[in-house]
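After this come two complexes, each holding chain A, first together with chain B and then together with chain C.
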Partner chain A sequence: MTATALSKMVGSREGGILERVVLAVTFGLVVLFAVFIDGFATTGNLRVVLSNSASLVMLSCGMAVVIISRGLDLSLIAQMVAGATIFSVMVSGGSPASVALLVAIVAMALVGFVNAFLIAYVGISAMLATLASAMFVTGVFRFAILRGEFILLLPKSNPAVMFLAGNILPGVTVPVALMIVTLIATALLLKVSTAGSVIYAMGDNYQAARLTGLPVRRATVIVYVFASITALLAGLVTSAASGAVDFRTVSSGTLLFDVILVVVLGGIPLRGGRGGIRNILIGAALIAVLRNGMTLMNFTTQTQDALRGLVLILAIVIDNYLNPRDTETDTVGDL
Partner chain B sequence: MIAQPVVSLENVTKTYGNTAALAGANFDLMPGEIHALVGENGAGKSTLCKLIAGVVTPSEGVLMIDGQTVTFSSPKDASRLGISMVYQETSLVPQLTVAQNIFLGRERVFNSVRHVRSAARQVLQRLNFKVDPSQLAGTLSAAKRQMVEIARAVFNQARVIILDEPTAALTPEETDHLFDLMQSLQKSGVAIIFISHALEEALTYADRISVLRNGRMMTTGPAADFDRAKLIHHMIGDELKEQGKMPVARRPPRSALPVLRVENIRMGSMVNNMSFSIFPGEITGLAGLIGSGRSEVAKVIMGHTKRNFGGGRIWLDGREVRYGVPAQAVADGIAYISEDRKLDGFFDTLSIAENIGLGWLAKFGGRRLITPRARMRTLAREWVDRLSIRSIGVERPVLYLSGGNQQKVVIAKSLIQNPRLVIFDEPTRGVDVGAIAEIRQIIRGFADSGAGVILISSYLPEILDTCDRILVAKSGTIAAEFSRAEASAASILNAAIH
Partner chain C sequence: MDYTIVKRIRGAAMALVLSASVALGSAGTTSAGTDIAGKKVIFIPIAMGISLTEGWARRMKEDAALHGYTLEIRDPAFSSSAMAELLAKAISEKPDVLVVHNPTVQLLARQIKQAEAAGIKVLQLNLQSNQPSSAFVGANWTRIGHDVAEDIVKECGAGSGKSGKVAIIPGQLTAADSVMLNDAAFKVFKDHPEIQVVSNQASDWEPEKARQITATVLQQNPDLCAIFGHWDVHTMGAGHAVKDAGLEDKVLVYATGGGDNVTCKAVEDKILDRVWSYDADGQGRDAATMIDLLLQGASAKDGSMLSVDSPMKIIKAGPTYDASLCWKM
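Moving on, here comes the complex of A and B:
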C-alpha cells in the first residue's frame, strides 16, 4: 500500500520499481545524516548541495537523453573541460564573453556532431566512438592549449567568470539557474519535440524505428549535440566556481562514473526507451546526498569511490532483475 | 535378430507458447541407417532434431535412447550418449584451428599442440577429408566447415549424427562427397538423420524417409516406396489441393504500368538476380522456402540492407530509385511490415496510439518541431476502428494486446503512411486464428484501393487464398510465376524445392 502511495506521489506510470527503491533509500539517508551528522540539516548545507550538484544534474540531463536513445556518451567529461578551456582562454585573451560562449558552443556542437556521425553514419558502437573522441579531445587540448599541464587557471576577476560563480537572483546561484534551464530544456526535448518522439522510439527498438522511416540519424545528431551543450554548461559553472579547469576530472573518471550512476539509479535503463527528468532528479538526489554526507563525515575519496562502485553494481543488479530481457524474443525462430 | 532403434520418440509433443511445433510424433532411428526428414517450412523437422539432440525438451511424450527413457537437460547430456547435431549455421569457433575445434570441449589441462594436431589429422584422414588441421576454422569454406563439424562428431564417437540441411550451402561435388562420407559412416554403424529440402537427395541417399506436416508425422517408410510426387503429396496433404482450386476472385484489370519493378537485384549470397514487377490493385504473393531471399530482397528495396549490395535496378512508378535508408523509401510511399514484429515491428514500451502515431510522424512529420500528440492520437483512434483493433484503450501499452492485435497495430503504423506499395512479410505469423482472416481482409481491402501489395508467406494456403499472382523464389531468384488460376500447392512447392 505504501508502495502504491509512493508511486502515486512520484507519478510513476510503468515499472519504475528501482526509482522507488532509490527514492526510499535517499529519504532514509537524509534522515540518517540529519540525525547523526552535525551541520547536514541546515539551509546553508542545502544550498551547498544544490550548487554542487548543478553541474552533475546538467551532465546527467545530457547523458540521460543519450541513454534513452540507446546510446552512451563517454566523452561528456572531456567535452566539459574542453568547452570550459575554450571559454576561459578566450575571455582571458580579452574576447567578449558572448563571443567566447558562441565559439565554445560551436566547437562543442561540432564534437557532438562528430560523435553522432561516427555512430549513425559510420556505424561504430557508441561506446567506442565516444571513448575515442574523449581521448582525442583531451589529448589535443592538453597538447595545444595547456602545453601538457593539467590545470588552466581562470581569471577570477573577469566579469564573466564572476557572473558564472555568483548569484542571478538573491539566493539563487547562476549554476542552479542554469541547472533549472537545462532540466526544462531536457523535458521539452524529450516530451514535446518531434525529436523526443523519435528518441524514445529508437531507444525502444532501433530497427523498428528505422524501418518505420523515422529520421533516426537526425535524432542521433540532435541527441549527441544536446549532450555536448549540457557538458559545456556544466564545464562553465564548474570551472567558474573552482577558478580552474582541471583536466584530471577526465582521467580520474569519477565524475563520468557519477553521471552514469545518476542516470541508472534514477531508473533509466541502459537499454534505452524509458525515463525522463523525474528519473534524473531522483538519481541526482541520491548521489548528491551521498556525496555531501560522505564529505561531511570526512571519508577519503578512495572510500567514497569504493562505496559508489558498490552502489552502482547493486543498482545494475536490481535493474537487471526488475527489467529482465524479454525472453520471448529470444525464442523466436525456434519453431 | 530384430535390431533395437537407437533413438525413438513416442507420442512426443513440443509446444512453444500455444502453438505446437510437434504434435504427437512417433519416430524411430535404426542403428546404421540414413534417415531423411522432409516437410515444408515449420513442419517441425528442426524441432524434432533439437529434441533428439537435447537442445529442447519435449512438452509431452517419451524420448528413448537404446530403449532407455532419457531426459536431456542440455545438449551435453545428449552428446555423452553419442548424439551430435550439425547445425545449418556452423558452430565452429572461427579463431581456433581445425584441430582445436575438433578437440573443443575435450581439452586436457596441458594440450600438446602436436598431439592435438596429429589426432585431428588421423580423424580427418579416416574420413578422407582434405582439410589442413592447422588452418583457422574461420578461413574455411562452408563445405569444409561442415566437414570439420562432422569430423568433430566422429571424433567424439557419435553414434547418431543429425545434419540440419547439410547440402544447402554445398556445390554438387561437395554434396556427392558428403553423401559418400555419410555412407561410409553408416557402414561403421553410425545412424544419420538429415533434414533436406532437396527431395531427390532424400530419395537417392536415404534408407528411410519421414515426412512431417504441421508438426505431425505423416508417414515413414523405405525410400524405395516413395517418389517425388508422393513426397509432395504427403507434405501438403489432401485438403490443400482443394483449397488450391478456390474460385478465382474478380481480378481488377491490370494497369499497364507497374508500381514497382526490380531487375537483377543481387545481395550477398542470398539474392541472385531477382527480377519482378508489382502491379497496382493486385496482391502479388512471394512464396518460397525460408532462406530463398524473399525478406532480403524486400529489405534491399527498402534501403534497410545496404552492405553486400551486388547491383540491380529498382523503379517505383517508372522512376528509377535507390534508397540509402528506409526513411527515403517511406517518403516515396513504400512500407515494409517485417516478419518478426517483436524484433523490428513495434515499440513495446509505447502505447498503441504512440505506435500508430509514429508511423504518421515518420511520413508526415517533416520539419515539424513539436509532436502533434492530440492529432496523432485522433488518427490512431481512427485506425484502431478501421482495422478493428480490440483493446481497452489506445493509451494502453501495445504489449498488452494479443498477437493478432499487435500485428494490426504494426499494419496500421504502415497504412497510416498512405503508401503506394506495402510489403507484408509473413503477416499472419504468430497470429490467432480469428485475426488471420481479418488481416487478410485488410490486405485485400488495401490492394483494392489501388495500391501495390507484396505478400511474403511461407504458408501455402495463405498464398493460394489471398494472392492474385504468385511468384516463387528459389535460391535468391524467381523460379516460377503463376496466375491465381494456374497455381496449386503442388505446383508452387514443386517450383520452390530443388
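Moving on, here comes the complex of A and C:
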C-alpha cells in the first residue's frame, strides 16, 4: 500500500495523519491493557494517569507553543526545577505562598525573556540559546541558592505543599486543575490571540512573516515567557507531589525527552507552523497510557525507556513515510 | 529483629583496630600527624550536594586538616562519563589514596585495577565495585537486604493477616547496593511463598519517579503491605504517594539511607516507617580513619581488602522512635 493510498484511506489533510495513527495506537493499547492488565480499567487508575501526566502535559503545552513558532526550548526542565526551587525555598523560609509564587513567576518570566532576547534580537539559534540558558540556570540555582545541593526536600506538613498536592474540588486534584488551566491558556494563546496568528505564521515561514512586518520578535518573547510559566507550574505540582525539588531531573534528560516525544507524537512537526492542544492531548495520552501500562506490567525503567524510544522512532518513520519531504520543507530547514 | 547498636559499633571499631594491627604489623607506633602530613588524597563521589557525600566530606576534611594531608574533592555531578574522566585524571596525578564512590558494580572496575597497579591505594566508600581494592568502608548491603526482608516477612507474611504483597523500588538495577539488597531480600522471600513481590522497578534515584510508580502500583494493589525503597531520598517520593492515597497506616514504607535529620523528619511526618541507617556521619569518620591507616602503609597481609562494615541504626516510627539516631550537617 502506498503512502498516498493510506493517506486517502485515513482521509486526512497533510500533517494530520500521524496524530490519527497515534490516536489509533493509543486506543488499541487502552483496549489491550484493559483486557490483559488487572486494575488498568478502573476510575482510580484513570485518576492516577491524570495526576501522573499533569506536569508532562503542562510542559508539553509550553514546548508545543515554542515548536509551532519554529523554536525549541531545551531549558524547559531547568526552568521547571528552578521555579520550584524559588517557591520552595521562600515557602520553607516562612514567606507567604502568594509572595513566593509572584517572585517565582517574575524570575521565570525573566529567564523566558532572556531566552527570547538571545534568539530574536541577538540571533542565536533556539537550540543553542536554550541549551546555554539551561546550563546557566542549573548552575546558578544549584550553587547560589541551594549552595551546591542537588535535592531540596520539602516537608509534607507545609500548607503550600499540602495545597498543591491536594484536592481543589472533590475528585479533582490541584495538579489536574492546573493542567486544565494551562491547556485552556494554550488554546486561547494559539487560536484566539493575535500573537497566536503570528506564531503560526512564524512557523510556516519565518522569513516571510518577518518581511511582511509581523511583530516576530515580540511574538518570540511571548512564546518563551509563556513556556517559562508552564514550566514553573509543572515544577510546583511535581515538587509538591513528590516532596522534593530534584536537579537531577535536568541532568537525566528523560523528562525533556518525554516532552518532545509528546509534541512530536501528537503530530506537531518540528519545523513548526501546525498543531494545537488536540495534538498535545493525543501525544500525552499515548505516553501516559504506555507508561501506566508498563508500570502495571512491572517493566523495568530501562525497558520502559527503550520502548518509548522505539515508539518515537516508529512515529518519525511513519511521519516521514506518510508526509514525504518536498522542496519547501527541505529548504526551510528543520531544527 | 533486635539490633544491639553497641555491638555493631564495637564490631566496627574492632575491625578498624584489627585492620590497623594486621596492616601496620612491625611498624610499631606511628604518629599520624607527622607521618602522613603532605600526602595527597583525592575523593571522587557520585556527586556532592547530597547529605550522604557532604557528610562524608565534612569528616574527611576535618581529618585532613588535623593530620596535614591534602584532600581534593572532584565532583562529577551524577555524570558517569565525567566520573570516569575525573578518575583517569586522578590516576595520572598519582595521589597516595583515591577514595571512590561506585555508581555501579562495573563502571570503575577497570580504573580501580589500574590505580592499584600504579601503586595508588583505592578506598571504596559505601558502594562496592566488582573489582577489589585496598580497602572498603561502608554498609553491609547483604545484611541490610536480609534484615529488611526478614522484617517484611514478620509484618506481612504468614500469620500477619496481611496480603503479603511487597513493592521494591531500587535506585538502579545495576547499582551495587540495589544488586546486593535485592539478592539478599529475594533469598529470604524465596523461603516465604506467601510474600509476593508485585513490583520491582527502579526509580533512577528520583523521588518523582518513585512517587509515580508507587501511585500506579497502589491502584493495582490497594492491599499492598510494604514498600522497600533502596534509598531514603527517592523512597520519600513513594511515601508521599502512600500518604496521598490515605494508606500511611496500612502500607509500611522501608528504606535505607545515611540517616541525617531529614530522614527523621520524614519518619515523623509518616512518609517513611522504618529506615536502616548506615549513619553517613559515622561512615565519614570511619573513612577518615581508614585513610589515615592507608597513608601509613596499612594493608592486609594476604593482600585482601581491608573492610569496615558500618554499624546500623534502625529508625522506626512508633513508640520506640528516637530522633537522636539521626545526625545533622
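Rule of thumb we're sticking to: the second predicted complex is superposed on the first by the 312 of 335 C-alpha atoms of A that agree within 3 Å, B and C clash if a C-alpha of one lies under 4 Å from a C-alpha of the other, contacts with A are read in each partner's own complex, and residues count from 1 in each chain.
In the analysis below, a contact is a pair of C-beta atoms (placed from the backbone, for glycine too) under 8 Å apart; a residue touches a chain by one contact, two chains touch by 3 or more.
As the structure is a prediction and not an experimental result, all values here were calculated from the model.
Chemist: Where does A:299 make contact in the superposed view: on chain B (first), on chain C (second), on both, or on neither?
Modeler: second
Chemist: Which touches a greater number of chain A residues, chain B or chain C?
Modeler: C
Chemist: Quick check for you: in the superposed arrangement, does A:209 touch first (chain B), second (chain C), both or neither?
Modeler: After superposing on A, A:209 lies in contact with chain B but is clear of chain C.
Chemist: By the touch definition at the top of the document, which applies to A:274: first (chain B), second (chain C), both, or neither?
Modeler: first
Chemist: Check whether A:217 is in contact with chain B, with chain C, with both or with neither, and answer first, second, both or neither.
Modeler: So A:217 only meets chain B here.
Chemist: So, does A:197 touch the first partner chain B, the second partner chain C, both, or neither?
Modeler: In the superposed model, A:197 contacts chain B only, not chain C.
Chemist: Need the overlap of the two footprints on chain A, from chain B and from chain C, as residue ranges.
Modeler: none
Chemist: Going by the contact rule set out above, which residues of chain A touch chain B in the complex?
Modeler: 14, 192-194, 196-198, 200-201, 204-205, 207-217, 273-274, 326, 328-329, 331-335
Chemist: Please output the residues of chain C touching chain A within their complex, sorted ascending.
Modeler: These residues of chain C touch chain A: 47-50, 54, 77-79, 173, 198-213, 215-217, 219-222, 233, 236-237, 239-240, 243-244, 262, 265-266, 269, 271.
Chemist: How about chain A: which of its residues touch chain C in the complex?
Modeler: For chain A paired with chain C, touching residues are 37-40, 42, 44-45, 48, 51-52, 142, 146, 148-151, 153, 155-157, 165, 238, 241-244, 246-249, 251-252, 254, 291-292, 295-296, 298-302.
Chemist: Residue numbers of chain B touching chain A in their complex, please.
Modeler: Going through chain B, the ones touching chain A are 16-17, 19, 21, 42, 46-47, 50, 56, 302, 304, 325-327, 329-331, 335-336, 338, 340, 342-350, 354, 357-359, 361-363, 365, 368-371, 397, 413-414, 417.
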